[in-house]
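Chain lettering (A, B, C and D) follows the sequence in which the chains are written, and residue indices restart at 1 in each chain.
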Amino acid sequence: MTQDPASMLATYTLTLSCPNRPGIVAAIATTLFEADGNITEAQQFDDVETGLFFMRVVFSCRADAERTEWLRARLDAVAARFRISWTLHDRAQRRRVLLMVSKFDHCLVDLLYRWRIGELPMTPTAIVANHPRDTYAHIDMGDIPFHYLPVAQDTKAAQEERLWSLVQQTNSELVVLARYMQVLSDSLSARLSGQCINIHHSFLPGFKGARPYHQAHARGVKLIGATAHYVTADLDEGPIIEQDVERVSHFDTPDDLVRKGRDIERRVLARAVRYHLDDRVILNGHKTVVFGD
Amino acid sequence: MTQDPASMLATYTLTLSCPNRPGIVAAIATTLFEADGNITEAQQFDDVETGLFFMRVVFSCRADAERTEWLRARLDAVAARFRISWTLHDRAQRRRVLLMVSKFDHCLVDLLYRWRIGELPMTPTAIVANHPRDTYAHIDMGDIPFHYLPVAQDTKAAQEERLWSLVQQTNSELVVLARYMQVLSDSLSARLSGQCINIHHSFLPGFKGARPYHQAHARGVKLIGATAHYVTADLDEGPIIEQDVERVSHFDTPDDLVRKGRDIERRVLARAVRYHLDDRVILNGHKTVVFGD
Amino acid sequence: MTQDPASMLATYTLTLSCPNRPGIVAAIATTLFEADGNITEAQQFDDVETGLFFMRVVFSCRADAERTEWLRARLDAVAARFRISWTLHDRAQRRRVLLMVSKFDHCLVDLLYRWRIGELPMTPTAIVANHPRDTYAHIDMGDIPFHYLPVAQDTKAAQEERLWSLVQQTNSELVVLARYMQVLSDSLSARLSGQCINIHHSFLPGFKGARPYHQAHARGVKLIGATAHYVTADLDEGPIIEQDVERVSHFDTPDDLVRKGRDIERRVLARAVRYHLDDRVILNGHKTVVFGD
Amino acid sequence: MTQDPASMLATYTLTLSCPNRPGIVAAIATTLFEADGNITEAQQFDDVETGLFFMRVVFSCRADAERTEWLRARLDAVAARFRISWTLHDRAQRRRVLLMVSKFDHCLVDLLYRWRIGELPMTPTAIVANHPRDTYAHIDMGDIPFHYLPVAQDTKAAQEERLWSLVQQTNSELVVLARYMQVLSDSLSARLSGQCINIHHSFLPGFKGARPYHQAHARGVKLIGATAHYVTADLDEGPIIEQDVERVSHFDTPDDLVRKGRDIERRVLARAVRYHLDDRVILNGHKTVVFGD
């Protein structure tokens, strides 16, 4: 799609962040211009509170290795001058994504469907579950390897080592916790920092502890929601990528809340994963900058 | 509107709650039928968890005192049999409502406008503020008496006594805290229980303490919301009547959140007040049953 | 679920409509009370414009054939008196549903998933497509028979006859057009009236003709939506059951609109089917009464 | 707010559109850098269908006349090279806005309130109505001149001439039709092209002719909406700036739809006016590019 065999054009996404000062945009735009790049999308954000500057640029240019190497060298030079952190992705290269799931598979089924019809530009590297394969009998996993990694209190450290090995062996760039109900340890969370997306319910007001939909029902809330966020060592409190809500009423039983919650969870997670795959999310301390579409 | 001079029909709203058991609906419907009443709206809810039953009925019948007295006596008899709590309101009689405000007047202005164009069937009895009249110079309060009741830490008890006297003198049936930023004491909250509606911001996750919109901004939330609830002794935690949210992004400054918050607050409070005035809200322990339209 | 083996209780949904006049609710409630029925949900609507009255009642009572026969006889008697059309469904009996699909299978996949996890109380009787089985290679259809009924201009009448036979042979009570892109003939639409749900895109303003998402894009709309409705002879104009929208912007290409459209279509269709299966929808001329949850 | 007396910094918004080709961003960014400008917001959009490029840049730089003149000359030179249409606004200069209203004043009241509390950075130059001043007795118009310009079929041309004179005499840069129910003539619409915002209801499907809320009610729609757009000679069909919807049900009477419609209309119009005042809207043929916040 992003490779045009005739002209050998490739499309790239460049993201960057740095302390804000005059000249950054000019320097970047000039660099891309000198590389014969044509900017097709650009979004910027200047965080006046932290003094940080964020930018996402989509551009096309000739797809030969020499050109790309030259461009990377030039970007390095600009980056050194402005203390820029940057990433450059060829949009034709799909990210490698490891999917994790527990008993409830609505998010997994949804992500696989969106991947299959071409909506999520990723390569699933593995499906990891803490339940055996037959729990998901009705899911066509195609060629994606399935790994059953059960977890018990005294085997948790070992299970996480196997999981981490799997991430490395499969060269997975992103881990999606598609309703994986085990809390990751602080050390694994730290290793996966900014590379692991989780989904959880959220309510107004919030509820701690078990059976949150039942708590929300007991409180009589009129809205229920879900939040997708990056995993950090601090459970359920990582940088928020996306949120959404749905209306509920006194007619809704706790089961109805769970049902409506499923719908919110899958669409919020799918949006967050798509934003990540499309390099639309940049970390800004405990927050995110999301250049939406 | 609800009085037809020709046939002298009046329209009533009956609300009731009681322990659920067979025969309630039949008993009520038969009673109204015997009073020559014609049911035009009816909503019921059976809370299977608490075993309580809730009902709201709108009906019209001949508007003479004798008939009404007879009907009330019959409803008393049915109520005794089923341990029903009930209220019966002639829909032509507007509720008397006392409005309270602090510095931010967007909810007050909105409620007065909706009242003026006939959207809120109420009679404002007083506007009470802890700021002087000229704070609201641009608001046309018409004939509604304005009361400046300033409050300081050591005068709070006295101020609340004056407020309570005002509620009684004006026969106010409902107090609306239209962004009145003083916390009511537990004793006044108890006196006003179920008769006082408050509006406050709400977020996913929630934030305690001062400058909540700034906290929400610091956390990077993607949605902000507002909750209208009945006041109880337990601050900001009374039974929820209505909630709504709006989407925000990293572009939104704390001031933008406050601006969007104003829009949500005024529409959520207006809906909650309208539901109350239309007898659509019935208390169910710490929750509400809201028979929406 | 709705059968309690100990007490042999069954749960029923009664829906009815009739010209409004006093006494209907009392007559129905008394009848159910005499059958030892316990009403757990009841919703009513009085259409003051047409003078019609609509009611949905969920109740439980002893599950023996004699009792049910007696109840049906009594309901017949009440119905005769008030000119009531009514239906009574044992909630333990799942509706038989025939699903139709064309090339785009997102709605079909979604409905099957919701059925599998118990969200949609139905029995799929057949999946009918105008594309061969391998178009849907990744869909686990379980035991549901698949029928490939291709259609061409000169075979349309014959294809519809086969379809109609299938509906009858399978005793299907509902046909769901899950993005079945063939227009049904007027005669088949008439046969399926009130028993066939369709989903289509909708926009503000509306667009006629081919490639509607492209037309909407060309017009620069800021919202796109979908409508689920009963099929009538009048294409895309049957009684509306449910609608929803999503926000779009100038950044969205026609393909993005199609992608967002898929999300709206599947959730709007799923809600409409659930409302139908739960006897929440009653026809009111060219409109519907939907007793939502 | 945008003037800092110490450093004499001013903040500007630059908007531009032109045929897309490489080098535009670099040229603009370099020009602003050479003017010692600091870019704080920048948004771009490349319309691949039309080949047009759109950009909005907010930047601050030293506020002296010489510097500004130099910058404008440089921008002219860049514009000539790339065939750019551009505008440059000092954000401290409020736009002059003429407000028009008919009988229903909910949008006018809302706009005035938002202006008064500082939410809309504009200077109202006049309020023009086709009803006399006492129709709006409860509205505090402060110092804004009120003009009663009644209109009848044979006086329409004359009335529009008076209106146009008023626009010119008051140097109004924007006309807001805040539920002004008279259709502007093609010639006046052409004169005001891109400078006049209108608000009207919108439905799925759409309805032509009188009493649209009644038509929508008769059709049984489940959503009602409103659209804000620039006025063109083609009634109700100008480039769309903003849209929103609200959910309705069979319980809603036509009057309820009108009430809900008021809420949607006022918030959609307020957003559209704010976007315009903040230079967030750029015309793109029959569409708009809206760089939202």
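One rule holds in what follows: contacts are C-beta pairs under 8 Å (C-beta built on N, C-alpha and C of every residue); 3 or more make two chains touch, one makes a residue touch a chain.
All of these numbers come straight from a predicted model, not from anything done at the bench.
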So the chain most remote from chain C by C-alpha centre is D
Higher number of C-beta pairs in contact (A-D or B-D) found for A-D
Across the interface between the identical copies chain A and chain C, with over half of residue numbers shared counting as same and under half as different, the residues used are same
Taking each chain's mean CA coordinate, chain A and chain B are separated, in whole Å, by 42
Chain centres from averaged Cα atoms put chain B and chain D apart, in whole Å, by 36
Residue ranges of chain A touching at least 2 other chains are 41, 45, 48, 249, 251
Among line, ring, star, complete and other, the chain contact graph is complete
Given the complex, residues on chain D that touch chain C span 45, 47-48, 202-206, 218-223, 225, 227, 239-245, 249-251, 253, 284, 286-290, 292
Listed in rising order, the residues of chain A that touch chain D in the complex are 20-26, 28-30, 32-33, 36-46, 48
Counting only contacts in the complex, chain A reaches chain C at residues 41, 106, 109, 113, 116-117, 119, 138-140, 142, 249, 251-252, 256, 259, 262-263, 267, 293
